[in-house]
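Please find one structure pasted underneath; my questions will follow.
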Amino acid sequence: MTYQFDFSWIAEYLPLLLAGIAVTLELIFVGALVGVSLGITCAWIRALGPCWLRPPFVAYVELIRNTPFLIQLFFIFFGLPSIGVQFSELQAANLAMAVNLGAYSCEIIRAGIQATPRGQYEAGASLAMTPFETFRHVVMIPALQRIWPALSSQIVIVMLGSAVVSQIAAEDLTFAANYIQSRNFRAFEAYIVATAIYLLLSILLRQGLRGLGWALFPRRLP
Amino acid sequence: PQLAHADALADITKRGTIRIAVPQDFPPFGSVGTDMKAVGYDVDTANLIGKKLGVKVELVPVTSANRIPYLQTNKVDLVISSLGKNAEREKAIDFTNAYAPFFNGVFAPADVKVAAAADLAGKTIGVTRGAIEDMELTKIAPETAVIKRYEDNNGTISAFLSGQVDVIATGNVVAAAILARNPPKRPEMKFLIKNSPCYIGLNKNEPALMDKVNAIIAESKKDGSLNAIAEKWLGAALPADI
Amino acid sequence: MPLIAITDVKKRFGDNEVLKGINIDVDPGEVIAIIGKSGSGKSTLLRCINGLESIDDGSILVAGAHLAPDEASLKALRLKVGMIFQQFNLFPHLSVGRNVMLSQMVVKKTPKAEAEAMARRMLDRVGLAHKFDAYPEQLSGGQQQRVAIARALAMQPIALLCDEITSSLDPELVAEVLAVVRELAADGMTLLMVTHEMQFARDVCNRVVFMHEGRVHESGPPEELFGAPRTPELRQFVGRH
Amino acid sequence: MMMEFSTWDILRNLLLAARWTILLSLVSFIGGALVGLLILFLRIGKGRTGRVLAAGYVELFQGTPLLMQLFLAFFGLGLFGIDVPAWLAAATALILWTAAFLAEIWRGCVEAIRRGQWEAAASLGMGYIQQMRWVILPQALRIAVPPTVGFSMQVVKGTALTSIIGFVELSKAGSMVTNATFQPFTVYGLVALIYFALCWPLSKSSQMLERKLNAPHSHH
Amino acid sequence: MPLIAITDVKKRFGDNEVLKGINIDVDPGEVIAIIGKSGSGKSTLLRCINGLESIDDGSILVAGAHLAPDEASLKALRLKVGMIFQQFNLFPHLSVGRNVMLSQMVVKKTPKAEAEAMARRMLDRVGLAHKFDAYPEQLSGGQQQRVAIARALAMQPIALLCDEITSSLDPELVAEVLAVVRELAADGMTLLMVTHEMQFARDVCNRVVFMHEGRVHESGPPEELFGAPRTPELRQFVGRH
């Protein structure tokens, strides 16, 4: 091999890398929080909500799931300003991630809701709870628990997918790697470092989500 | 030291083909025609060099993210991708003499008051990441200027047209092309970025190839073929200092 | 006036007419056992009374109020009539105490402290006060069913519907649940229960209703029905159990 | 210097590029299924080493961006003097990536088969491989069809990243055309439409298969 | 020589010692009922005999061969001893006929025609020859269990282990399965069955083994055990059933 690896730049660019990691983390936290909330709402409407409310949510889910994330991002960042809605690149990236994760988690959570035994709804009903109260207090938590592993994987996938937000100049981890290699032409080193950090982040995120699962759902389901 | 392949120039001659990386997302240096074939200043330069070398040219489309790896892994012999040079980059690859000027300027709508780099204070400027204007602006812009670096030219232009940035730095030909579309926001040249020319990139320790390409560049400047390319793509003659 | 008046109730699932005109009046404090073969429509009848299924024809009056399918009257009905299921249907993510408190707080907006006091009282009544903080999975089937009873009682219903509440219990655990029901009956609760426990029906119920193919085939005091079944269907049924 | 593209020029070029998207998807999906099966066997097999290796493999490929995997497969090997053609690097990286996800999806399906099935097969004298081959896999594969088809949508969209190693597939063609025409809305609108046309049938058929599987008498 | 010799068998799950030294010898043609409370280790014992669980101590000999945990001797063992489960465990993706043919073809490499002939004979023996092409889900529980018996028989075992094979059946369907077992016993098959059907145990078995907390608490002919239980535990157990 004739190529000489050179990682001496790391010290100089460390602040940039750290800032990139911070942005990636922010993206995933906000994206996951808003996205999953959106997913729950949407799953409730699709599984149990009033019929007339369903079509727009079905359209939303299908549209998002069947088009690339990058194009959704472009639409939000470059497209929405034409109707007077302007977001900064970070807001746009956060929004795009939330909208994207919302659609995927909707489908996942819906599966969890549909796996709820009918007896749970009937028990709720026979205790005079309304369908919404039953959903809120009886169905939702076990449904989330049932699909927590699938939801966690999806969150990790979305975290890795967030790499493309660098295309709208959001300064995440991938942006940092690209910036560094554009200055010093050390593309391999920059990408190897970024890959290693992504791997670390995804392992930590997975473990974190597993821990959160234990904290949120201490009991095993029957 | 290069062990396996003794000399890139010898390889090229033996192969009868030179592989050259050119951009496809950075007009006027490189973009595509309706047949998706590459066209632009860099593309014409690549073909010129091939012709003068007497070998066939194999164009390899690249982006700013992968153009150097293509070179470093010997998948191409030259990178003609409007590369600017700096000390850091020179540690990684070698550069030939300049082959193109860089007529890039800072553009903004008429109502934005900018006359020099210092006036960029507090403004948001869009550039294409890794391009010369990115490197130069990063050097000359004041602290409070915010530089947004997009993946390619398209991102920079879209950011300008959608109002995400007030100011962009780009080629004057590109600005002219935007104007031709009659957009709501009309970019106006505010000032020229320091004339910092483009170089051809090649692997380190290839003196033979380096000399040959430099010779071709010098010859092309003299015989007017490079000037023709400049007239065609930049709408201006090659400046004397190149 | 009967507490629950079921008149000419019909229920169809697609082409399958499951209830073919049911008439039963339940007086306050009455304990009625509903028996019959699998598929004869016993569960469907109870579910109709609780509004879990809509009826196609006839009427059901509970404490004088018509059963209508809108949400408000369903809620009013279910505040009066509790239901207990074969599968317990406890909420697995809530502790036993929370299971009993939940609907009080959500539906009746009872303050937490009050709901908790009620829950403790009801759990005590079914002999499970010490399990307040346990989770359903930690209980035996019999204990789970007793929690389900406490949960229904905490809403202070005027009648309880029980659908084969001992059928999925191990034989050892049936007795503890039946003991609780027996006490409820003694306390004057109105009970309408589908059951396969003939001995229990004989001992505790005022009246037995034998359903056959979607109709009330025979009905009367247990001694009469079990002692001298009039129809061959009931005779065959009693013979088997 | 402006290229004059008619809308038809744009659409034609995008459709031509979409052939690559389809080809890459097919290759990665078929190859990924084969490798995924291998990983699956290691992952649920009896050998401890195999299980750990397979788990590590899945962690690595699910834990890093596909973009970086493609980059390192193409250029990383080049650094060692191994000249991998772009199509081979793309196919390899996509296959390995797809395999990691499919192996995990299928593991879930195998684990969803009740223990009694293993035990019944064992008590009839079948060895581990025979239990797997004749009893578990046929059942697991049936429930695996909907999520597998569902994942194929991700593969279609994932092929976009091969542009990093020079593939001009749908997304890359879109960005190239945009850079020549300065019409991002038309171009990306069409790109989105073509992706939708490719993915939607997959997503729909996955849903339909799921519904069919949940229906009784589904093996006829 | 006993067909199955169980000597001092111990089995632990973590800290929980489930079998605390079991000794049972089963002679050829013997029909043995194993009874006992839930959790007393009955299933675990059968599973150990079939090699589904490994034992921690003691020995199990089947037809003179030691039970070792390697795959070859497990296979040899399972060719001799069949097992039938509470949950039937038919293969849902295969027709009834295929269910019975599969292991013959896969394990014994029996040619297809021969396997099919055997499958038809065995299905006929359990009264289900006409269901050869049906799928498990199309059968009632009782029929499914009879197919499971046919499937085990098709391997021509010298003994059968049955773990509560009627416990998940509706009461109406229990009889048809027990009739098949009764016939097997009459034909001289060696049977070791965990059961709650006391009447059946009384009628059909040569010997009853009462397990309690991981030990054989009492054992002997059914008349003796049921007629005059010696220990209070057995007395209590018999009283309940």
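Note that the chains take the letters A, B, C, D and E in the order they are written out, and that residue 1 is the start of every chain.
We take it that a contact is a pair of C-beta atoms (placed from the backbone, for glycine too) under 8 Å apart; a residue touches a chain by one contact, two chains touch by 3 or more.
Being a predicted model, the structure only gives us computed values, none of them experimental.
Trainee: Please report the minimal path length, in steps, between chain A and chain E on the chain touch graph.
Mentor: 2
Trainee: Give, as an integer number of Å, the spacing between the C-alpha centres of chain E and chain D.
Mentor: 46
Trainee: Using Cα averages as centroids, what's the distance between chain C and chain D in whole Å?
Mentor: 52
Trainee: Taking each chain's centre as the mean of its CA atoms, how far is chain B from chain C in angstrom?
Mentor: Averaging C-alpha atoms per chain gives centres 82 Å apart.
Trainee: Among the residues of chain D, which ones contact at least 2 other chains?
Mentor: Counting only residues that touch two or more other chains, chain D contributes 71, 75, 79, 81, 184.
Trainee: Give me the residue numbers in chain C that touch at least two other chains, ranges are fine.
Mentor: Within chain C, no residue contacts more than one other chain.
Trainee: So which bits of chain A are touching at least two other chains?
Mentor: Residue numbers touching two or more other chains: 2-3, 74, 78-79, 187-188.
Trainee: Please give all chain pairs that are in touch with each other.
Mentor: Applying the touch rule to all chain pairs gives A-B, A-C, A-D, B-D, C-E, D-E.
Trainee: Applying the document's contact rule, which stretches of chain C touch chain E when the two form their complex?
Mentor: By the definition above, chain C touches chain E via 38, 170-172, 240.
Trainee: Mind listing the chain A positions that touch chain D in their complex?
Mentor: 1-3, 62-63, 65-71, 74-75, 78-79, 153, 156-157, 160-161, 163, 174, 187-188, 191-192, 194-195, 198-199, 202-203, 206
Trainee: Which residues, counting only chain A, touch chain B once they are in their complex?
Mentor: Touch residues, chain A against chain B: 2-3, 6, 9, 74, 77-79, 81-82, 86, 89, 166-169, 175, 178-179, 181-188.
Trainee: For chain B, which residues are in contact with chain A within the complex?
Mentor: 1-4, 64-66, 68-69, 72-73, 86, 88-89, 91-93, 126, 129-130, 134-135, 148-151, 155, 158-159, 161-164
Trainee: Across the complex, what residues on chain A touch chain C?
Mentor: Going through chain A, the ones touching chain C are 117, 119-120, 122-130, 133, 137-138, 141-142, 145, 217, 219-222.
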